[in-house]
Structures are given as structure tokens and as C-alpha cells.
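Shared between the two complexes below is chain A, which has chain B as its partner in the first and chain C in the second.
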Partner chain A sequence: MLYREAGQFKTSYAADQQLFPIRQDRIGLVLLLAVAFFGIPLFASEYWFSAILIPFLIFALAALGLNILTGYAGQLSLGTAAFMAVGAYAAYNFQLRVEGMPILVSFICAGLTAAGVGILFGLPSLRIKGFYLAVATLAAQFFIVWCLTKFPWLSNNSSSGVISAHNINILGYAFDTPRDKYLLVLAIVALMALAAKNMVRSSTGRAWMAVRDMDVAASVIGIRLMHTKLLAFAVSSFYCGVAGALYAYCYLGSVEPDGFSLDMSFRILFMVIVGGVGSILGSFLGAGFILLLPIFLDITLPFVADLFGLPFSSATVSHIQIMVFGALIMFFLIVEPHGLARLWQIAKEKLRLWPFPH
Partner chain B sequence: MEFFFEVLIGGLLSGVMYALVALGFVLIYKASGVFNFAQGAMVYLAALSVVGIMEWGAPLWLAVILAFAVMTAFGIGTEKFVLRKLVNQPPIALFMATIGLTFFIEGLAPMIFGSDPRALDIGIVDEPIPYILENWNMVISKFDLVAAGVASVLVATLALFFQYTRIGRALRAVADDHQAALSIGIPLQHIWAIVWGVAGFVALVAGMMWGARNGVQFALTFTALKALPVLILGGFTSVPGAIVGGLIIGASEKLAEIYIPPVMQDLFGGNFGGIEGWFPYVLALLFLLVRPEGLFGEKHIDRV
Partner chain C sequence: MIKNFKPAVAAAAVSLAMLSQTAAAADQYFPIPSYRVGAYGANGQAFYGGFIDYLNYVNLKEKGVNGVQMTWEECETEYNNAKGIECYERLKGKAKDSAGPIHTMSTGISYALIDKSAQDKLPLAMMGYGRTDAVDGSVFPYAFPLVTTYQMQASAIVKFIKEKVGGNLAGKKIVYLYHDSAYGKEAIIAMEAEASLNKFSLVQIPVAHPGNEQNAQWLRIRQEKPDYVVFWGWGVMNQTALKSAQKVGFPREKMIGSWWTGSEEDVIPAGDAAKGFMAATWNVAGKQVPVIADIEKVVYGANKGNLQDKAKIGTVLYNRGVSAAVLSVEAIRKGQEKYGKGKALNGEQMRWALENLNITDARLKQIGATDLLPEIKTSCDNHEGSGKVKIQQWDGAKWVPVSGWIEGNKGLIHPLFQASAKQYAKEKGITPRDCSKEK
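Right, the complex of A and B next:
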């Protein structure tokens, strides 16, 4: 009844190829953005901004980056957090060393730096794939974090490489409350998600998918493998780099290299798997799920413990969290390999016929 | 020069320990084509269950037997509840499932046996051998030598097992071609259960060795990660490759740790220790650029 494209005729190619061909989708998206930009800032508390919404958006952006690489171009990476670290430290250094550089420009430069590093570590992908590549990206993870710790220049000689973000000031307006930062992050993430959505349906995105599905066949039909794979690494690292810069500037305020650990890389990979490999929407769903799950378990586990009279220490709760993470990954891979995004697809299909499915 | 040899031998001996972990990866990969990322976590689980059971009052031999039972049960359970459901999925999905399994174990094991670091005493002391110390003035740990001995025995046993027993032949057949093995009547699922059991056993040996050397603690899983560059060097499908790769990685990372930081300090100033943490990975990465299939791996030809 509500969600049906009957009567929506496309009379031009432009209309047929638009990003959201169904009117209800467009209305839904506009509503969602309106709520995110205007509704939430009116009602959400400071805790919500700084503990849930901002990290959600930042991790969604990082997951989006990884999804471009793993989901669309088929190159598994275990070094996402390291590319985020590159972004964070690059943004810091651009702010520190280039006099009067606008913060947004230094975010972009941070993304570009991360893209450069991404290309460097993407080079092996030309010769190797699959597990071998996954292990090769581990090299990026350990090497980059080590470099950031050991080269004092990168963190302006601070002890153990801790950097503190500068104040954010755009065109004379200081973004210092959590609400301002949320709006800034939201705007950046929305723009970059839109760009990604467009990119994956362009010839670039189709080339990525061809390489993912079978790279030999892709090269036979004339797709340049080197160009395509390295572009995927560059774009993915760009997204991760910007996410890292935002992570330092808008979320934590001060970061250290060890914060961008292998564990964080895995967490972002889990977001991609749970959300949906090869789906823009999935990156957001996965990020939300993986971020909210620990909070949910923190709240519910003590109740469960009381119910059965079990003594749960906080260590036990964190162990159960890790276990649930692991079990969920296996569960999703077995039951729904396409993740939450696929469930949303199925729901939409059902909704089209509702309430008269026959 | 003596110092160089001392570092080299120390590195080779610790390389044997890496090889022990890598062996578990190779076994499962050979027999089922699954790249089992959870092998490192299995090493942790094995070591922790030995320590945990001993804390409950069992003697060492009983604890080892019980831990072996735990590992076997765990391996069979994994095969039955996770991998069997993922048949016909792309290998990368299986790989990600084993990452999930890693987290599952890393949560489960400390929950049952406790997470605080503990020492594991298996009756061998970690001290220099007096004879070598006196005659050549080199510090070679007794413990490392025993570990190397255990590893060699294990490898020899596995090689014989693969080569001459009925089950070993079946394992090799399964590794070559699942379909063909099934069609001549080899029970695939039994074979997989056995492989996971054997991998559990290897994890147990590796876990006890590492645990006795560095203490049983969560960092064990990171040590086990070092087995990955070993695999890349040696090739995923080769048991001798795992050994040779382990030796190369062990020796080169110790030498790099000793000899590179002073050079870098001269160039840039500052402290550049901790090269061990990434050196094996970067070495493996560079190696991959030259020989993508590893030292002993099979050359893979893609067809459309």
C-alpha cells in the first residue's frame, strides 16, 4: 500500500538512472536526513552525541571505506585501523605545520595521504590475493603503528606518540560542543556516502565488481587490473583516512598509535560482515549494530545474571561480549552471508506486496 | 662474531616455536582448504586449559590428556557446527568465519579458566647450557633446545603419519580433491574431524611450549599471529615449508632486532626498538612480491 512503485513511470533516461528510482525511497531518505540534521540536534543529550552518534558515524565511514575495498573490489584487508591512524596523524601534522590551513582542507589532505599509503600497501595485491593479501595487510597494520610510535617527528615529539587535536574552526565558527561536532561529522559522512553510492554504480564500481568476481575474466574483457585494484585501495584508504581524522578531531580529541590496534581493524571488518558485504547501507547498519551491541549487553547481562543467580564480574561481561561478537560473525556468515542489508532488502520486497501478497 | 651466532641460534630456536604454530595452519589448510585464523586462539585455549586444569588439582600428565580431550572436542565441534554449514561458500567467507571463531575462543577460554597471566611448569628450566657457555661463550637456552627437539619429533611423526598410514593417505586424497575422495568412499566428515583433532594436538604442543616459555597469557595469541608470515614464506600447503619458513622468520627477526635499530638511531635519532613486531610481516610482504606462492607452495594457475 505504502511502498509501491506502481504508477511511477520513467519517461527519460535520466529519470530511469537516478540514484533512488522509487519515490518512497527518496521521501524516506529526505526524512531521515531531516531528522538527522534537525531533529536529533534538538533532542539528543550530550552523552548521545559524544558516546553513540559521533562514533557511529565515524565507524560507518570507516566501514564504508573497507566495504569499497573488500565488498566491491574483493580485496580483504586487515589493516583498516592503520589507515585510519595515517589519516589522524596526517591531519594533525597538516594542522600543526602548515600555517593557516583550513581544517577541512587538512582533512582532505589527510585522506589523500592515507590514499598514498594505501596504494603502497596495495601493491602486493597485484600479485597475490585472498589469504595471502590478508596477511600482507597485517604488515601495514603493525608497521604503520610502529612508525607512528617510533618517529617522534610525526607526533611532534610527544611521549609515546600521543597527539591532541586542534580546535576546529571553520569560517570563523568554532565547532566545540558535541552537537556542533556531530553536525560536522554528519555532513562529511553524508557527502562521502553519497559519493560512494554514485561511485559504485559508475564504470569504476562495475570494474571493481568484475575484479571481485573473477579477476582473470575481468582482465580478459579489458579491465586494467592494476589500475582498478590500486584505485580501490586508494579510495578505500581515503575514506578510512578521513574517518581517522574525524576520529581524532571530533570524537576522542587525543589519540595514540596503539589505539588503532588490530582489534579495531577486526571490529570494522565485523561491521562490514554483519552489515552486508558489498552494500553502502550495510556499512551504516553494521556500524550501528556493532557499536550498540556492547552497550546492549552491558545493560542486559546483569539482569540475566540476576535472573539465574549467577555472579557476573565485569571481566566476565567483557568475555561474554567477545564471545557474542565471534558467535554473531559465524551466525551471520552461515545464516545470512549478505548481512543486515539483505534483511532490509527482503523486508522491502515483502512491503511491496503488503497487505495483499497474492 | 660469537654474539652474532648466539643471536642467530636463539632466533632459529624461536623460529622452531613459530613453526610449531604454523604446522597447525598447514594441516587444516592441506586437508580442507580452510585457512584457519583461529589456530593462534586454539594455541591459547590449549595452554590455558592445561594450566586451568592443573589449578583444579590435576597432575601435569592428566591435565595434558584432559586438555587434549578439550581440543579434540572443540575441533570436532567447530567442524560440525560451523564449517559443515559453510560448505560451498567462497574460501574468504570460511576465513572470516574462523576470525569469528578466534573471538569466540578468546572470550570463552579466559571465562572458563581465568584470564590472569600464569606460569606453566613442565619441568624444563629456561637456563643456558653450561657446556656451550664455557667452551664457546654462547648463551643457548636448554629449554629452546628441548622445544626444537619436540618440534622435530612432531614433524617427523606427522610426516610418517601422512605418508604411511591409511588415514594419512585418505587425508592427502581429500586435500587433492574433495569430490574424487568422496567418490572412492573416503568419509569426508570423519577425515575433517580427524584433521581438526590433529590440529588441536599440534596447538596443544605449541601452547605448552610457548606457555612454559613466556607464561600463559593473552599475548600468546599475538605470538601465534607470527605464524602467518611463516606460512607465507613457506607456502600454505607445505609441512617442510612451515619449518623452513619458521627458521627464516625466527632468525631474521632476532637479527633485525639487534642490528637494525642502531643504524636507524644513527640516521634519525631516537629509539627504534620493537622491530620484531612488524619485521616478519614486512619480510613476508616483500617476499610475496618475488614469489607469490611461497618457497614450497604449489604454483597456481588461474583459468577463466
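Right, the complex of A and C next:
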């Protein structure tokens, strides 16, 4: 009833092609952003900022990057964590070695460096596809981590390879509390998500999708394969690089190469798969699901155990949490293989007709 | 769907309410980000088992410290940095009025917590892992790499070898065989400094993680014919190295490992290839230590033991957990002397106590921990407090100490820490405290 388009007439092409053609969506999004920017900072505790909201936003950004590559351009990648590592170490080095470098410029440079590395490791995609390409990007994963441990210059000769993020200071304002960092991350993620949403609707995005659906057909209709695929790698790695820089500067504060493991790449891939392949919203939903559900279970299980008088140790809770989590992933993939974003879409369609379905 | 959702929301609300509770002021609360599942779960079980058993022991035996009971809460980190931070943030809410030192048993997690814990004024203990330049307490007021560090350990091992070869290392050759990771590289700087000081030649040979294939490395060692191999292994790499050494005929009596190679789990899988192998340790294994035997009697007698597998009592890692708890409890005693007996200490007070520890052998004997760990005396510019290790040898069935407490070359190693801490302070814009003004 609330969610109905009746009476919303599109009188110009611009109105028809805008990002969110339905008025309720626009209002919803503005409300969501208002809550995120103004509501949450008023009420959330430090725990919420540093343990839940900041990692959620950063992983959503990384998942968004992978989604551009895998979901839109159809190139499977297992090197996401490595590209994040490039971003983190690049931001650190720009900040360290260039006197007076503004931190935001460092983040952008980190993204550009990651994009360069991404193009390099994207080159095999011109020849190989699917699982074989996944193996080639796996090489990126191992090579970059090896490289960061091997060359001490990259970590400023730290004996252990661990780098420690600098303080964040923008135009004289120090972003040192979790709330400040959250707002910074939120602003960056919101801007980049908006950019991604527009990009995938543009001719670039349509070229990516054409390549994904059938690359021979795409090249027949005049899409340059090399250009398109490498651009996808570059843009995706840029997103991952910025996510990596934020991961180091706004979340952990200090990172080591081994922290950007294959395990992390897989987690981000799962976020994309569970959230929805080829969907901007899906990246956020997937990151939320993979990241927040374990914490939620972790906090509620002991309470539930208390309620029924079960003797749960923290190890048991952890085991049960892993089992429940695994079962839920299977459940979602069986019930809705296209991810949470598709569920949301179905809900929307139903809402549009409710309460009078055909 | 909505029906199912309601209890979940209620549960979330209640758990949030639980989060905001704080421990009663009369109890000393320990936030424990522990790990008992995952790849390193077995290590965590032994360490945190020992840690909690000792806290229980203090509660049962002496009714707490001057009447203050020890309480704690665990949170499972799975040795994962992100989970560690989540746990820290969750536990810290309850640690406002009363906080024991936080032991993460993970270098990665402690690195990530160094800045945060200083901001929150909660002391972070890193015993035998973590950021080693935190020895310089003027830059790292809230971080305590207590007892000893990788660099001091390497230096102590070199000292032990020097004694073995008759006091002069000039012209000798030592191979440093290490796990190619942050952990393995940590000691290189100390080995290099020792090599140039003592004029022995140092050959560095890395082993890639996980290290279950070391033929190439050991062929190289056979060619190099070193006098000793100093061995910085981890996990499966340890048993493989011992077996490979046996294969190329390198005597295990000439191999000395770090303290992550010196537990029962490291040598038993290698069978008789491990016999004669030596490793450094800062805490002694076995049940012959009076306090360990007493814990088994008192805590497990009262059926309050933390371990499900009692066979772990007296292993190296269990005793390490007990040692960590002994230091924490002694610090609480020290703090209560200053801030009032029978009161719980908050993070700032705990920090002062850890910085002014003075545990003598006489005191260790009193609590039944004779020779469990070395004497410790900390100060503002020395958060390590000891720098001593013992060398132990595997006789095929158990670890036997073959040396007294050996102190690393402090004059050589500590300036390295200070230089590194200074660089950190500069990068972070920290103004170091003036240690001469601290009391």
C-alpha cells in the first residue's frame, strides 16, 4: 500500500532514467543516509563503531569492488585481499615518504596503485576464463603477500613486516575517535557506492555485462575485450585498494602482510555470492550477513544457553556458531541462489502489488 | 518471518543490556580474549587453562588477593585479528573500574590493540610475543612485553652457544633457520648484531610457511657445515626440521630452538629424531613445580579445573599460562599496596603495578613457583623486566633444563628497541614520557 508507484508519472527522459525511479526508494535512501550520518553517531557506543559498523562498511566496499569484477564483468578473482594489501601498504608508504601528503590523497593514490597492480594481474584474463582465471588471480594473492614480506622497504624496514597506520588529520581536524573514523569511512563508502551505481548503468557497465554474458558476442558488436576487461580489473582493484587503506587506517590501526590471507579473499567472495552477484546492494547485504551474523550468534548464544540452563563454554559457543552460520549459508543458497539482493527484489515486487495480487 | 524475528530482537536487546553491565567493584575483573578452537586451539586451551586455573587457585586457596576475588570473562578470538578486536571492544565495557592485564597470546591481535589499549588505559601484556620494542615504556606506557622478547632470547641463545664452545665464537659458523614470517624475522636484527659483535659468520636460511618440506634447506646446512643451528620454527615446521636433520645426519645436540619449538607437541611427533634437541624457554615444564602440583590438588580437587583434558597439566604451555597468571596476580598485590588493600585496581592502577613489579626468587619460592619463571623487575624504561631464558633439552620423554637462567646481552639489544620505539613515536606523533620523573 505504501510502496506503490501509482501517480508517479515520468514526464522527461531524465526522470525516467534516474538512479531510483520510484519515489519511495528515494525517500528511503535519504532516510537511511540521514540515520547513518546523523542518527547513529548520536546513539551508537564505541563497541558498535569499532567492532561492527566500521568493519561492515569497509568489507562492503571491498565486496563492492569484487562485485564489479566478478558480478558485472564476469571475471572470477581470488586476489581481493591481496589488492587490499596493496592499498594498505601503498597508503602507508605515500603517507610516510611524501612530506605533507594529505591523507585523502594518499587513499586515492593507494587505490590507483592497487588499480595498476590489478591491471597487471588482469592481463591473463585476456586469454583464460573461469576457474583458470581464478587460479591466475590466486597467484596475485600469494605473490603480493610474499612481496610485502620479502622487501623490507615496503614496510619501512620493520623487523616483522608490520606497519602501523599514521594518525588521520584532515584540514587540521584529527579523526581519532571511533565515531570520527566511522563518519570518514561512511562518507567515502557512500560516495564510492554512488559512483559504482552510476558506473554500472553507463556504457562502461553495459560493456562489462556484455562481456560477462558472452564475450564472443560482445566483441562481435564492437566492444573492445582487452580494454573492457582490464578496465574492470582496474576499477575493481581501485575499490579494493581504498578498502585496504581504510582497513589499515580506520579499522585495525596496524596490519601485517599475512593478515591479508587467502581466507580473507574467500570471505569477501562469499559476501558477494551470499549478497548477490552483480548487485551493488548485494555487496552491502552480503558483508552484513557474513560479518555481523557470527557476532550476533556469539552474543546471543550464551544468553540462550543460560535461558535453558545449558553449560556452554566459549569454545562450544564458537563451534555452534560456525555450524549455525554454515547451515544458514546453505539455506540461503538453496532457497535463493541469486543472493539476498534478489530476495529484496522479490519482496519489492510483492509489495508493489500488495494487498491485491493478480 | 516477523514472528521469528521477535525473539531475536529481544535477545539482541538483552545482550546489549548485558554488554553495558560492569563487574562489581570489589572483584578484580580479567578480560580474556582467548582461543580454544581453530588451527591453534590446542595451544590456547593449554595456555588459558593454566591461566584460569591459577586465578581459581588464588580464589580458592587465599580467598582472592586481600579478599578481592578474581573474576573473568572469555571471548573466543580463534587467533583472528578482526575477531580479537571485536572481543576486546566487547570486554572492555566491563573493564572500566577493574581490569587485569589483557593476554591475547597472539602477535597479530596485540599489534592491533597497542594503540587502542593505550587510549582506553588498559594494560596489554605480551609475554614472549607481540611488539618487542614496547620494552621502551616511555613510548608504550600500556604495553608490557613481560619476561623476555625474541631478540633477547636470540642473544641469550648465542651466549649459551658461546659458553658451550669455550667462550669464543670468532670464526664459528651459525645457521639461523627461520619461519619466513613476521615471527621468524623478528630475531634477525639481534642475530646480526651478535654476529658482528662476536665475529661469527651468520647464515640465514628461510623456510616458507608451513615448512613441511625442508630438504633443500637441510642440504644447504650440510654443505655449510655450521657449528650450530639456531632454529626459529613454528607448528609443523618443527617436527619436519628435526626429521630432516636426522636424515642429513646433523646432530640435534647442535640445534637450539626458540620457545615456540620447545613444547611437547613439537617434539613428540618427530619421535627419536627429537632426542637431544634443545630449545629456549622462559618457563619450565613439568609438575615438579610446587604450585603446579598444588593447583592440580586444590583446583581440580574442588572440581573447578578449566581443562577438560587433564593430561595438559604441567606441559610447557600450561605452565606458561600459570606463569602469566602468577605475574598478573603479583602485579595486583603490588598495586593494592599502593592504592589500598582489598580494592580492585582499574586499568591505570594496574599499569602502574606492572611497571613497578619486583618479583624476587624469594617471593617466587613463597608462592611455590621456584624456577617456574625468572626473577622480574620492571621499570618505566624496561617493560621487559628480565630478559632471561633457560635452555632445555628433550631426552626422548621429557624436557630437562640444561642451564640456569641466561640473560641476553641487554647492552646490545635494548638500544635496538629504543631506536625502533623512537621511530614509532615519530611516525605516530607521540611525545615519550620522561622516565626519570616516573615513580
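In this text, the second predicted complex is superposed on the first by the 319 of 358 C-alpha atoms of A that agree within 3 Å, B and C clash if a C-alpha of one lies under 4 Å from a C-alpha of the other, contacts with A are read in each partner's own complex, and residues count from 1 in each chain.
As a working rule, contacts are C-beta pairs under 8 Å (C-beta built on N, C-alpha and C of every residue); 3 or more make two chains touch, one makes a residue touch a chain.
What you see is a predicted model; the values in this text were computed from it and never measured.
By the touch criterion stated above, A:42 is placed in contact with neither chain B nor chain C.
Once the two complexes are overlaid on the shared chain, A:266 sits against chain B while remaining clear of chain C. By the touch criterion defined above, A:319 reaches both chain B and chain C.
After overlaying the two complexes on the shared chain, residue contacts for A:159 are found with chain C alone; chain B is out of touch. Legend: residue contacts after superposition of the two complexes on their common chain; A:304 is shown touching chain C, with no touch to chain B. Of the two partner chains placed by superposition, only chain B is touched by A:334; chain C is not.
Contacts of A:2 after superposition on the shared chain: neither chain B nor chain C is touched.
When both complexes are overlaid on chain A, the residue A:14 reaches neither chain B nor chain C.
Once the two complexes are laid over each other on the shared chain, residue contacts for A:134 go to chain B alone; chain C is not touched. Across the two superposed structures, the residue set of chain A contacted by chain B and also by chain C is 149, 315, 319, 322.
If you check the complex, the residues on chain C that touch chain A are 8, 11-12, 14-15, 18-20, 34, 36-37, 41, 45, 74-76, 78, 81-82, 85-86, 89-90, 92-93, 107-108, 111-112, 114-116, 131, 180-183, 185-186, 188-189, 420, 424, 427-429.
Chain B makes touch with chain A in their complex at residues 35, 82, 85-86, 89, 91-93, 95-97, 99-108, 110-111, 115, 225, 228-229, 231-232, 236, 268, 270-272, 274-275, 277-278, 281-282, 284-285, 288-289, 292, 302-304. Put simply, chain A touches chain C in their complex at residues 45-47, 50-52, 55, 96, 149, 159-162, 164, 166-167, 251-254, 256-259, 295-296, 298-300, 303-304, 313-315, 317-319, 322. Residues of chain A touching chain B in their complex: 74, 76, 123-124, 127-128, 130-132, 134-136, 138-139, 142-143, 146, 149-152, 214-217, 220, 266, 269, 273, 315-316, 319-330, 333-334, 337.
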